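Letters A, B, C and D mark the chains as written, and numbering starts fresh at 1 in each.
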Amino acid sequence: MSNTDFAIAIEDLTVSFDGFKAIDGLNLYIDQNELRVIIGPNGAGKTTLLDLICGKTRATAGSIKFKNIELTKMAEFKRVRLGIGRKFQTPSIYENLTVFQNLEVSFPKGRSVMGALAFKCNDEVKARVQVVAEDIMLADRLDLEAGLLSHGQKQWLEIGMLLMQSPELLMLDEPIAGMSARERELTAELLQRICKGRSVIVIEHDMEFVKRIAHKVTVMHQGKILAEGPMAKVQADPNVIDVYLGH
Amino acid sequence: MNFSDLLNIGLMQGFAGLSLFAVLLLMGLGLAIIFGQMGVINMAHGEFMAIGAYTIYLGSQLTEQYAPSLMPVYFPLAVILAFCFAFAGGWLIEWSLIRHLYKRPLDTLLATWGISLAMQQCFRTFIGPKEVSPTLPDWLLGSWAPVSGLDIPRNGMFVLALTAVVTCGVLLALSKSRWGLRVRATVSNRVMANATGIDTRKTDRLTFAIGCGIAGVAGAAFTTIGSTGPTSGQLYIVDSFLVVTFGGAASLLGTVVSAFGIAQTQSLAEFFMPGSMAKMLTLTLIVVILMMRPQGLFASKVRR
Amino acid sequence: MTALRDLIKRYQLASVLVLTLLLAVVLPLTLDIFRLNLVGKYLTYAFVAVGLVMVWGYGGVLSLGQGVFFGLGGYAMAMFLKLEASDPITTKIQSTPGIPDFMDWNQLTALPLFWEPFKSLPFTLIAVIAVPTLLAWIISYAMFKRRVGGVYFAIITQAVALILTVLIIGQQGYTGGVNGMTDLKTMLGWDTRTNGAKYILYYVCVALLIGSILLCRWIQTGKAGTLLLAMRDKEDRVRFSGYDVANFRVFTFCLTAALSGIGGALFSLQVGFMSPSFVGIVPSIEMVIFAAVGGRMSLVGAVYGTLLVNAGKTFFSESFPDLWLFLMAALFIGVTMAFPMGLAGLWQDHVVPWWAKRRSEMRKDKAAAARRAAEDDASGAAPEAAAKAPRAAGTPERLGDVAGQRA
Amino acid sequence: MSQPENPHDRLKGVSDSADAPSPFRRRILQGLSAMPILAVPGISLAQKFPTAKVNTTKLAMTETEVTVGQLHSSTGTMAISETGSIQAEQLAIDQINAMGGILGRKIKVIKEDGASDWPTFAEKSKKLLINDRCATVFGCWTSASRKAVLPVFEKENGLLYYPTFYEGLEQSKNVFYTGQEATQQILYGLDWAKNEKKAKSFFLIGSDYIWPRTSMKIARKHIENFQKGKVVGEEYYPLGSTNFGSLMNKIKLQKPDCIFAAVVGGSNVAFYKALKAAGITGNKQLLLTLSVTEDEMTGVGGENFAGFYSSMKYFQSLDNDNNKKFVAAFKAKYGPKSVIGDVTQAAYLGPWLWKAAVERAGSFDVDKVVAASPGIELKQAPEGYVKLDANHHLWSKSRIAMGQPDATFKVVAESPQLIKPDPFPKGYQ
């Protein structure tokens, strides 16, 4: 099978920590422009899978191909430069900087040391920040210190920081954790907006939310894929029911 | 020079390597416990060793003056006292300083350096600037010569035995005792340990104090090899650091292996080349290996 | 005029100006040449302290081996000066005239090959910067790429300091050993020991130091500075924003090494000798305390810290030698426990708010007065001018920044 | 503070000695013919020597007081060794003051701490010379500290009395060396080992710095070229090294007739403990050292050094009247437990040599003092009679003593004559 059609193709991926296999022979293919949601009970290996893709954890075996480029041996920052963006489970932003600075730092220019020294915040950067800030509904808070944002806004800001880089693959680890109902609503809209022109992987527990956004759902259990398909099909799968309700 | 002479020298040389290994291990052990289990670098480690050494010295002075008949047995008692004093000092310092700095590990380094300066000046003011050396009991002096031409240093044997006891004690305590359990729990998840009713503050204090106590024992053991002065601590800490750094800081096993490696390299190199060259060779090797494996021989598995 | 004011505000240059004034005008006018020479010597340590602000305060990486780079820079300079001081005529009493005296004592009969290039001043000046930078690169590249940081980095740099000391002391035929390189007299025939030369060297030192501070300030205010702070607090986020964290750290570390090297070279020039006692662990840690006392986030504070601690050391060791170590110990403990941001933090937390309060009161008074005046002759511009004036003149440095205060 | 009971009997410069005049002395006496005997009370003397006349170089002094500097380490690693020198110099100065001082002026001391740090030594020496304008400085101990201050003394034309036995290869107009240079300490000892102990093969061991290395270089030349003996090993260990296990085995492998050692500091103690632990003791092995004085013995311990030999010019147990008085005065001032080593005694000579030179010159000016110095003799030095050579070093005897279990020394040999100092020995370079 050719991998070229997929945004990301994962084959036989395995990672073991001292013999414990957190991911065990996993195969996963995600299309261009797809929004895929990964669900599964705690300890299923969802976050580890994202860690493997973005490089936070190194694979023991198997391959990850992004745009047909092998990632497993690549340094993290290079994967980012290829177009992979990752939001962490707990919002990871620079609390001491303003919202503007947070976004500005994420602008994909001046990434080398010399580039950073020569970097100038010109109109192009400012315009880009403005666009993204409007996307993430923080346009009126640009001068606020990021630490003062609400939890939900911090989540958005982190998503915004990823959008600054215009990634082709966006991975979001529990993006609506700690959000109010209204914020969830807005986030769902946000996700639908931003998955145009890029693939998105979301890890989420909230089934209502998943139903709302998912194109396709993958269920993971003990490092393996248990089921995959549209939400309705997956929900009817007896294995899945067993895993979620069986114990 | 016949074959049996050569054999004897070979045996003695092997023992020289072993006793250097014991010395290095004993020096590094306390430091490794504190760093490995708590992430704190104790720059006053050398001064705690000096406390131990001075305890022995004072012990020998007092015994000589008031109870000369006890000279043969004072040494083991003084070693225990050395542990107690250093332990108490460690307890006090953890309580007064270190516990406020757990969130800032680099700052503990500076604060403990300050402590080491203060302790040095205390030694100088209260004990005197001269290097001192205790009067050792006869059974620690000279050599044990099972056959003529083969001299095994008694102080070396003593240090070796002491190191074995202390190391085994620490390993056993870590794996079997309540303290060990608490320490391991605290290391792996502080919040969780707290939640399950482990007093992590007390565990930290105990760990720090035990580390310091072992430093005290190490210092006590060195009185059989060298002398003690107010600044001896700085001499000790350098070697301790090398051992711990090279071993991979977080791992006791690493400390053991690195002490063994360094000791054997240096001891062998010293036999075949001049002392200064040997030291250089050993240090260069350490650097080269550290350049290739900056995290030390046995790095912890957890990613930073 | 406005452009200049903007520049000063943007790079927070007011404090640098005050420092320049102090070093270049006040001190030379008030101190005799002996004391001024001492200040010059302390300022060479300030190069290291300024570097530590960059690498430790901003970069979050503590190096306990800065003495190594100070020493390398100093030795490079000293080698040049020593060669000049060892001409065949002055050394005719030796068995091999024309080589440095310590080589002769160690039975060397020819100048070692690696000494040869140090006959050239340009080469030496390059080496002063290049050699420390290169070593810093070798050390830090391996470690930062493998993400060794924090305490572990600190102790490895310490090990490097130790090893270099042993090397220098052990290779006395090539390095002068424990004695170091002494009796450095002239540079290209110019006697560096005269009072005039001391004044010149002092000013060179001040100029280079201020230049270094400006360079660091420029880096801090740009994107690289923001990134350094970001890395210190959220290393992973920076990495997953596509930055090679290690490269930034390596760059900062090399920069501080280069600064330290310059400091060392100036030391050799001003003091007239170099010794392995600057390379070891103890001086390296002392240099950290200079930066800590001044404030680890403040470039200017680091200079004040260096001057203060050294002045204290000289004063106390002259008057109460026994107390000096206790005082030094108290400094270490007190600064880390109570004032982690050092003098700069004190200034920022106490003096500045107090000043701001006073100023706002003053402004209120003035505004009220102006209002009365305005009512009298209908001139509305006065309050604005009154409000602006104290800000331009007295804006204290924002020592460090908000991020720094929190760390 | 102890006052010598009869200051006149104390150590004196040549000026009031009444012994048969040597050629040196005759000239001095002529030079001093105008000078009254020293015991005349200070005030009248000061009138004879107005400051304007005895001090033309703006040194720090008044009509009644002259300022000198003392520059040693009272903190740091070297404090251990330098304390004795500080005490001895102070003792000598007190005694001189009790006698009325020099040219009617009491000596006032400014003490500076070099803190075992050579740059600090340089800084402090600048302070003493430039700021304090000290007439002379007594100080330094290690070669490194001397090398650090030497350029300062030469630049500022100061005066330094340096007490330690050292490697030689140096002769400065501004320094007087009251200890032995290398050949004075080594050659006699080696000859003694060869002649008395029939030693043919030598094992040389030293700490790794300039003094042991130079000393061993001279020793090797002497053994190989002049004694036709053999050097079977030459080893240097880093300063502060305490690990001598492998060295012991090398010694056993080589079986030298004599171990010739110059190990210093903390290493010293570890070295002798290692020898003892390896079964190498004084009754089986000849060992001659250049670096164990009474000061070191307290650390090394008599039981570890018993039966080994040390080569020095002075031992506390030296049996002569000068020394008995000196030891008594020292112990009265610093406690009965205090010990006096070779360097301590040499440090004690410094102020006396300076006094003699100043009085001979009739001036405190450094150039005049230096010019007057060659040929000065001290008849009542604790070590016996010494005289100052034109090369600024002392003529002195060399002595060998055996360590006793109670940490004292018993002198077993003494060079018949004073040995001429030769800082640049021909044939040993």
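Going forward, contacts are C-beta pairs under 8 Å (C-beta built on N, C-alpha and C of every residue); 3 or more make two chains touch, one makes a residue touch a chain.
What you see is a predicted model; the values in this text were computed from it and never measured.
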Chain closest to the middle, measuring from C-alpha centroids that were averaged per chain: C
Chain separated most widely from chain A, comparing mean CA positions: D
Whole-Å gap between the CA centroids of chain C and chain D: 41
Whole-Å separation of chain centres (CA-atom averages), chain B against chain C: 35
Rounded Å distance between chain A and chain D, as computed from the means of their C-alpha atoms: 78
Where chain B touches two or more other chains, by residue: 124, 276, 279, 303
Shared interface positions of chain C, touching two or more other chains: 166, 170, 322, 325
Overlap residues in chain A, where contacts from two or more other chains coincide: 56
Contact footprint of chain D on chain C as seen in their complex: 34, 37-38, 41, 93, 95, 102, 105-107, 166, 169-170, 172, 177-180, 182-185, 193, 271-273, 275, 277-278, 314, 317-318, 321-322, 324-325
Interface residues, chain C side, partner chain A - complex: 219, 222-224, 226-227, 229-230, 233-234, 236-245, 247-248, 251, 401-403, 406
Complex contacts: residues of chain B adjacent to chain D: 1, 8-9, 12-13, 15-17, 19-20, 23, 124, 129-133, 135, 141-143, 145, 151, 153-156, 222, 224-227, 229-232, 235, 266-268, 270-271, 274-276, 278-279
Chain B to chain C touching residues, read off their complex: 35, 39-41, 43, 97, 100-101, 104-111, 113-118, 120-121, 124-125, 234, 238, 241-242, 244-245, 249, 276-277, 279-280, 283-284, 286-287, 290-292, 294-295, 303-304
Of chain A, residues touching chain C in the complex: 54, 56, 75-77, 80-81, 85-86, 88, 92-97, 101, 104-106, 108, 110-113, 116-117, 119, 121, 145, 161, 165
